[in-house]
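Chain naming follows the written order as A, B, C, D and E, and within any one chain the residues start at number 1.
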Amino acid sequence: MSDPLLELDDVYKSYGEEQVLSGVSFEMDAGDVDVVIGPSGSGKSTMLRCVNRLTEINGGAIYLNGECVTDADTDVNELRKQVGMVFQDFNLFAHLTALGNVTLGLRKVRGIDKAAAQEQGYEHLEQVGLLDQADSYPAELSGGQKQRVGIARALAMDPKLLLFDEPTSALDPELVGEVVEVMRDLAAEGITMLVVSHEMGFARSAASDIIFLDDGEIVEHGPPEQLFENPQAARTGEFLSRLETTHEGE
Amino acid sequence: MSDPLLELDDVYKSYGEEQVLSGVSFEMDAGDVDVVIGPSGSGKSTMLRCVNRLTEINGGAIYLNGECVTDADTDVNELRKQVGMVFQDFNLFAHLTALGNVTLGLRKVRGIDKAAAQEQGYEHLEQVGLLDQADSYPAELSGGQKQRVGIARALAMDPKLLLFDEPTSALDPELVGEVVEVMRDLAAEGITMLVVSHEMGFARSAASDIIFLDDGEIVEHGPPEQLFENPQAARTGEFLSRLETTHEGE
Amino acid sequence: FGGGGGGDDGTTEITAGTAPGFPPFEMKEDGELVGFDIDLLEAVVDETDYTLAGWEEFEFKSLIPALTNENIDVVAAGMTINDERDETIDFTDPYYSSNQAIVVREDGDFSPSSLSDLSGRPIGAQKGTTGESTVQSELIEPGNLDESNYNSYGNYVLAVEDLQNGNIDAVVIDEPVAQTFAAQRPVVIAFTYETGENFGFGVREGDDEFTQALNDGLSTVRDGSTYQDLTNKWFGQQ
Amino acid sequence: MGTPESTTTGRTIRARAAGLTDQPLTLLTVGAFWTWLVVRWTNDFLLDGALIERNTSFFPTAPFESAASTLGGLAASLGPVGFPVGWVAGFFEFLAASIPYLPPLATGVWATILLTLLGIALGFVIAVPLSVARVYGGGATRSVALGYTELFRGTPLLAQLFVLYFATPLTTIIRELPTVGTGFIPAQAFWVAVIAFTLNSAAYQSEYIRSALNSVPEGQLTAARSIGLSKVDGIRHVVLPQGLRYAIPGWSNELVYLIKYSSLASFITVRELFQRTDSIASETYRYTELFVLAGLLYLALVISASLLMEYVEDRVAIPGLGTTGR
Amino acid sequence: MQSDWAFVVGNLDLLLVGTGVTVALTAASILLGFLLGFPAGAVEVYGRGPLKRAVETAGVVLRGTPLLVIIILLFFGLSVSSSAFVTATIALGLRSAAYQSQIFRGALQSVDEGQLEAARAVGMGRLQAIRSVVVPQALRRSVPGFQNEFTIVLKDTSIAIVIGLGELLTVGQNLYQGGQSTAALEIFLTVSLIYFVLTFVTNRSLDYVDDHFSIPGGERA
């Protein structure tokens, strides 16, 4: 059997006194789309940040393609080229156009020359439906457009794995659709994604697995049908029902 | 028949060239809870701001309890004591504790002495379930807690009418529930509220009427059952279906 | 109240102004204002019907504005009587004649003997003094010295310091001052240039009664032994 | 200390002076000022006085003198209501009196400008690493940067000039360098002043830049690192381009300060604008006219600097970034 | 060298008197600057019409004119007072007011507009809302700018000698210009040290005050 693309093996993480992740383990194969849900403060963002080492873990190990990425001597810049990240509040480079945002990494990290980088940049902007906005600055884009630039920026580095941290929660209800659509397309193209999100529509239709994190532990992990229709743990059911009451559309 | 509590009569409002409200008319009776929905930029916030004269209208009139509030010689400070406002991004006074936020108006506007103001302040904090956080500063509160302080601050002035401008859209999905709960309680207590919100759960369960605003005009206005199950205008159905796709919980 | 000197009754108080930092004429020692000018003016005023209320210290260049603005009534600051100044203020009779000394480094190989030897050499003087005027009128204006070779300092001490550092080759200063420095520092007077310039007390234009009183006082002091005593005290031992 | 708001705090003189620069009259005056300066310098420094002899003004004084005396006479004949005419006469008198002093002052302006520009530019080169060290450096680099800043901000510039000029061998070294002190290249005192202003201004500039760097949201560097840029590259390609734009208003204040503080260089015999004014005044006793004249020249320089910075700010402006906000 | 330092030490009492003048002049000027500058800053943010324009123009003129020119004009031109200390305080105070107004303007503007709006929404009048909500927040934010301004005023007090006020730097210069000693460098270093101590102590105290009044959990102070 081939190695999983990503493997978390008993990962521990604390900030000072506070234990944030307490023995988290799971695996993802290439092409999987896993959605992480859980209450605020349960450690979802921290978990993502551990994967591309924006924070260091205190115990356990994380493997990407079978290689341990949490070794002290792993080149973090090398690792981050393979793991793209899309932020909740976009974090677009404010001084660069949409195209500039997408090409900066290509030019300064991959060392590709300007013309070639732009060509690739346009392709990725097209992929997220933003060719028209290539020359707009972040401040001139709507929230949904900003987030799509953020996705294109991550895609441009041709990562093996894309991390999304609540990519839609900073968006107006109407704009959420745009971004969810792009993510569905990426899922269909077979891109491996680990997504923190409470967009139930997306989770139901695109997720391979749902991971329910509570208080730094994985309480439940399984395909969406099972988790939503027939949650094993009481805590899962409770959390889901609380999510539903506030979003009870048809 | 008694006067309505609030009446908008053919209200026009423009910013420079741009027509934002084009002949908006509706009435609310005491105890009503009306929810305003509509696309971004349709003029929802502007309408609320006209009611307590944070902006001036260009045509028509607004009556509160039968008195015209849009006359140039109406005392705006007097008016605003009767019309409370809860902001989307909270706008808590950053240099005051939760209690300080609630009592500032009582002391400086109503001229109530400190001890009495604090007593009332505690009552209102209790009403929103925040007695424990009375001495916390805004930066020390969670989003949901901040918004509840905002509500208590408005309630403290004992207003005839409460305006809410997207009171939950700056909150995490889970925190939305807290605030919606408080609003449901207020509705049950018979407090008159005009709420801009896309929280369908709240609209369905608590609204007397839904007002659908599009491009500065009221496209449809009616009880939630009618508007949701059987929208009259094509535009309303379209807007609602777009809202649903992104929030499609059970 | 410092202003409004020269009144009608005989006991008007006057305030004198000076700019310390010009030894031995006026300087600060242990915080006290001392010097030839100080002692002399006090002696002169003693001979008149005026009384000296006190001293005000200014930068040298502020003295004339301070006088015309009535902040002070008389200037005693080693001020040379010349035509430009005479246009703005009046002077008493001269009380001291001073020539300019040209000071050079003791161990240097430059030993000029006349002003023309200074051509093409960087030289310095104190801003607003006769030394500066001499450089201007005798060297720069006739074209014997390029303007960029002349450095103007806020104070002699800095000029002499810069002479020692080698940034300039000569300093033009009043002779008594030069003697003070020659005694203390590794500098020597190369030669003196006779300007025949005279120091006078500065008074407001039109304050004729007061000027007359000072002139009378001055001649009384000169006639007695006081003037000689003061000269011995301040210039004698050098 | 040094939070985003101190960047807004920085929007001071320049932003206000910009109010003046809206007016075409201001533009015209500044244009005339610079034309005069450039022609003057070309004549004095490059053409060796070919157009007109050095130290001779381009403008004749006679017309202004006669205008002043005519108007003065008119004012006198109008009696008590003649005072506005009297003011105009006074103005012409001032012009007539000022004209002969313009040529040497123009030379002084050259030194003032050169001193300011070199001081600010070289200071900037030191200030950027200094501020980056303050914001992103480790304990040691941070303390070194802090020590530098406190030392140069906490002691008088005059004392710094004194120590560099009189107490170090700097002058001895610089005066031996070729071309120093020839033609329009000033002598050693000037270069010592440049060094002092550079060191001093670097301390102030680094504070403006530091607070601007602090106002770049943290997420920007996180995002830069998440696409694989190293910390240094992230700072260079993402944080600095934004932070420096935020810093422009505060930094412009420093430019204005430097224009005015360059007058302290006269203390070590640099012949800049203030020194020229002062030495002419001590010879002629026309203190009032000369200081007003120098004040006007400084004001013209300050307004020019404001216009320049306004232009720069416009040129590098990016929608939604920095000062175009409220 | 030895005797030069001994000379400085022997005259330390004089330098301390000069320091006293410097401190008094700085304190008086900063205070005057605050009393005029704070309202001026508020007028620039919230005022309108001729008053606002007048304040802005006065500010540009005061900031654009060298301090030396201001002080000479006030003393010799307008003769606002025969006391050099009073005149120097007015000159330094006016100019500092012009700069402080900008510090406070920036701080007032940096307080989110929503704060004012929320205050108005509870029924406070404009002035009252500014006073009870915006000003307390703005004052906390103006500390860094205020530290800069303090540093600048402290060192600019030395200009007061042109009108005959002998503060620290002048006392120091008088010492070596008296011809008694060649201790110029030693004097400059000592004077610098005194300035440095004054700046350092004041700025650290302001930091302390800032920390003390900082809003818990609020922005980096």
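The rule is short, and it goes like this: contacts are C-beta pairs under 8 Å (C-beta built on N, C-alpha and C of every residue); 3 or more make two chains touch, one makes a residue touch a chain.
For clarity, every value in this text was computed on a predicted model and none was experimentally measured.
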| field | Smallest number of contact steps required from subunit B to reach subunit C | value | 2
| query | Just how many steps, at minimum, does a route from subunit A to subunit D need if it may pass only between touching chains? | reply | 1
| message | Using only Cα atoms to place each chain's centre, name the chain farthest from subunit B. | response | C
| request: Compute the centre of every chain as the mean of its C-alpha atoms, then state which one is farthest from the centre of subunit A. | output: C
| Pair of chains with maximal C-beta contact number | D-E
| note | To bring the C-alpha trace of subunit A onto its twin subunit B, one rotates it, in degrees rounded to the nearest 5, by 175
| task | Between subunit C and subunit D, tell me the centre distance in angstrom, where each centre is the average of that chain's C-alpha atoms. | result | 35
| Rounded Å distance, subunit A centre to subunit C centre (Cα mean) | 83
| note | Here the gap between subunit B and subunit E, centre to centre from mean Cα coordinates and rounded to Å, is 46
| Multi-chain contacts in subunit B: which residues touch at least two other chains? | none
| In subunit D, what residues contact two or more other chains? | 166, 287
| task | Mind pulling the residue numbers of subunit E that touch at least two other chains? | result | 72, 76, 184, 219
| Interchain pairs in contact, sorted by label | A-B, A-D, B-E, C-D, C-E, D-E
| task | Mind listing the subunit B positions that touch subunit E in their complex? | result | 52, 54, 76-78, 80-81, 84-85, 87, 89, 91-95, 104-105, 108-109, 136-140, 153-154, 157
| remark: Note: in the complex, subunit E contacts subunit C through residues 11, 13-14, 17, 72, 75-76, 79, 82, 161-164, 166, 171, 173-180, 182, 184
| request: Over in the complex, which subunit C residues touch subunit D? Could you list them? | output: 60-61, 64-65, 84-85, 87-88, 124, 127-128, 132-133, 136, 148, 151-154, 158, 161-162, 165-167
| Which of the residues in subunit D end up touching subunit A in this complex? | 217, 219-220, 222-230, 233, 237-238, 241-242, 245, 318-321
| message | If we count contacts the way the header does, which residues on subunit D are in touch with subunit C in the complex? | response | 166, 171-172, 175, 181, 187-189, 266-267, 269, 271, 275, 278-279, 281-285, 287
